[in-house]
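For reference, the structures are reproduced in the following blocks.
Here subunit A shows up in two complexes: once beside subunit B, once beside subunit C.
Right, the complex of A and B next:
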């Protein structure tokens, strides 16, 4: 499949020319294929956020190039602006960007900046609200009257309404309770399966990524440490823990059980999968008895 | 653009000026600023310039940073210079053409004003370069404490100042974050005429206000939780004590200002 975003030898340095100069990204090259759901994981300061801000042209690289569908996004102003619309970026705590009088108007902010016709804007707003599960009665409220979780969903809808080819979420579940986290993750997953667009999910949580992503990029100290499908990357336990990332607790439990001689598969990354594997095992055991 | 703002521009160092008691520093800065406007003869102005240069030299603040503090006022200096040159009359007329008169007094006034403004800005920025914002507000609070007699809430005012200074970097960061988020939604902040540009600021200003108010409430709660009740009965972690060297500086400054006045008195006043 064709790469929708292609990053070549990307280097970014903060505060160039001052004593506090530091390298945030160090010669990063990677291809992101169309239609993939990619998890981007790494420690605080590993360069995750800096990398995703390069992908829609918010940050200009110190060295290297970002190609979107084969075009350099910094070749001219028009290309950069196009990248903004084709690569949607939803920041951490996106609810702090809400500003309009009503939720509907706020979701329409992106499409309106794209200079779309009015009826197209309206239909996109309705569609985006549907994806995030906002009801009709929410749409005419002030965004500041919504609950915390609703605010976040409204803000996510604001990015979805631009209908980008690539949608990037920078830690969309930060600061939410487990239930809120589940809601956001499943709506992101649903959106991806329904529209077939490319999604990049930045997260701290190996378990969250295992639950929704097909591929994983592991970043460490401004470099891409690993890039592959979930199973391959998560199998390399030693390498992950060497850079301070831990495989999900369930995975650990199951690999310990395997060591004890029970026959389990290696690829258990979420509690749900664990539950299925265990109940199957118990069924089998009952049958044998 | 926004990162160029340097308020609370403290420059880390351990010079004589850095160690001086902040209260004394404020008083002496004020005294020197008043003294600047006393200078009316050439020798007294030269002495003032010498004092300024000396202070910069002992402050260990790099010369480049001092220049940076003058840069924003360059336009004001040039503008007042030109105004004085054309509008002040007196002394010998050097040049005359229809409504333009250039006189010796005009030239002197222009030069004096320029030098005075530069000295004033350099001396007052040395104060902020060598004193941390917290020390500064602390000192201001103490200097103003006699006003408590008139029921002026000096402590509260000082606390407000400290908090305002403390939140400048936070707000700058916040503006950066919000404007990135809106740019990601296609907000165009750079092009368009004046009205479009002002309109484009709304998506940044509204969230900024909302989060500032939220932050203020959170801070108030946090202060309440730590039993903050204002200035009454509050003791200090850092006691300010005047040292011998502070009194020596006071004495030296007094002598210099007396010298300025004498130089003014014995030489012809040119403006």
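Right, the complex of A and C next:
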């Protein structure tokens, strides 16, 4: 598979030339394969937000290059502009960026900036609203009259309406209640399955990532600490705990069982997986009796 | 009365009014006939989905909002008595969700001193209180720093220190960890435990994290402006179906044991953490 985004020897320093100069990214190289659903995890200050802001050209690298479909996104203005449209970035608390008179106008803001024809804009707004589950009656309301969860979905629709090749979500479930969190995760997953686009989801929750992502990038101190499929990365629980990540409670249950001499498969991070592993084991045992 | 009740909600009703246009107004009821007693020294967690009324209830605990009918009393003082608002705010402090919205000074120790300064505490006394509070939350070595350069967890601990210096009886926290990473959450939770265990402060914690709620003495679950579950964490979280139907979670450990139990396996699902869950699974596998 071809890499849609390729990062080569990327270094970024904040406040260069001042006493508070600090390295946010330290010689990072990685490829993002087309169509992957990638979870990006790391504690605050690990460099994950700085990394994603490089991917659509919001930040210019101190050293190194970001390639989008093989082209350096900073080679000229046109390439940078293209990166802005092809790599959609949905910030933390995106609902704070709603500003238009109506929800429909707000969602249309991105496509309109892309100078698309009016009928194309309309059809994209309708499609994006559908993906996030906003109904017709929401569309003519002021975004500020929506509930918290609806506001966030409207903001996400605004990024989806640009139909980017790569869609990046920076902690899309932060501050939501459990139900709101489940809604956002499943709509992102559905969107990715239906459009086949590449998704990068930044999260603090290993469990959320296990539920939706195929691969995981773990950032630590400005470097890529681990990158691989969910199973391989999560197998190294001790290393993840050591860098300040929260290992899912179910995974902890299974490592305790292991300590007591009961060994099951290593890849249990959600309640669903834990239940399946245990119930199959018990059923098999009962049959053998 | 045998218990010392610090905060008491008595049949409280509250609705927000929004005006579609000048003539038409829409009433959205938030709390309906809501009653709750919080004894002094208790650590109580309040759960509920967004819009269940928990933040409104929290804001009533120090008279940021007052009931439209019914009453709220803090240490016996009705919050509707405007002449006593200062007394109420001296008894109940609040910490909000966003760590960036509640620090006012440019230096950590100035920020922590802001509360007692306003209360007219003598300067030498303020010095002692600020140092003690910063030590209590583990931020003493940061006292000369600029708040905006701290991490989220550190900022919240500074905000908590600012309330400790006011020597309130109770701290109400409205999702203080929602914007923090796992490390910041742990720092704040450790601080909350310290407030209860060492300083004897009454803590009301509003949260969406079930692993935080299990650490409380008591869990109250709200839905549609009413209390639908109230008890010790173990008691409350055994109502797995009900809690899930309210759009909330139970701890993963509880859910795993519950699902096995539902599937017909003889396992006790009254477990709250990974150790208890592993123990229950272990005994399930041992029996035979």
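Definition applied: the second predicted complex is superposed on the first by the 271 of 289 C-alpha atoms of A that agree within 3 Å, B and C clash if a C-alpha of one lies under 4 Å from a C-alpha of the other, contacts with A are read in each partner's own complex, and residues count from 1 in each chain.
As a convention for this text, contacts are C-beta pairs under 8 Å (C-beta built on N, C-alpha and C of every residue); 3 or more make two chains touch, one makes a residue touch a chain.
Every value quoted in this text rests on a predicted model; they were computed, and no experiment measured them.
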{"item": "Which superposed partner A:204 touches (first subunit B, second subunit C, both, neither)", "value": "second"}
{"item": "First (subunit B), second (subunit C), both or neither touched by A:47", "value": "neither"}
{"item": "Touching partner for A:162 - first (subunit B), second (subunit C), both, neither", "value": "first"}
{"item": "When both partners are placed on the shared chain, which of subunit B and subunit C touches more of subunit A", "value": "C"}
{"item": "First (subunit B), second (subunit C), both or neither touched by A:114", "value": "first"}
{"item": "First (subunit B), second (subunit C), both or neither touched by A:39", "value": "neither"}
{"item": "First (subunit B), second (subunit C), both or neither touched by A:250", "value": "second"}
{"item": "Contacts of A:88 with subunit B and subunit C, given as first, second, both or neither", "value": "first"}
{"item": "First, second, both or neither for A:174, with subunit B first and subunit C second", "value": "second"}
{"item": "Partner chain in contact with A:61 - subunit B first, subunit C second, else both or neither", "value": "neither"}
{"item": "Residues of subunit A that lie at the interface with subunit B and also at the interface with subunit C", "value": "none"}
{"item": "Residue ranges of subunit C in contact with subunit A within the complex", "value": "48-51, 97, 151-152, 175, 178-184, 208, 211, 247-249, 251-253, 255-256, 259-260, 263, 265, 273-275, 277-278, 281-282, 284-285, 288"}
{"item": "Contacting residues of subunit A [partner subunit C, same complex]", "value": "43-45, 147-149, 174-180, 204, 207, 244-246, 248-250, 252-253, 256-257, 260, 262, 271, 274-275, 278-279, 282, 285, 289"}
{"item": "Touching residues (chain side subunit B, partner subunit A) in the complex", "value": "177-178, 180-188, 202-203, 206-207, 210-211"}
{"item": "Contacting residues of subunit A [partner subunit B, same complex]", "value": "53, 56, 58, 81, 84-85, 88-91, 94, 96-99, 109-110, 113-114, 144, 158-159, 162"}
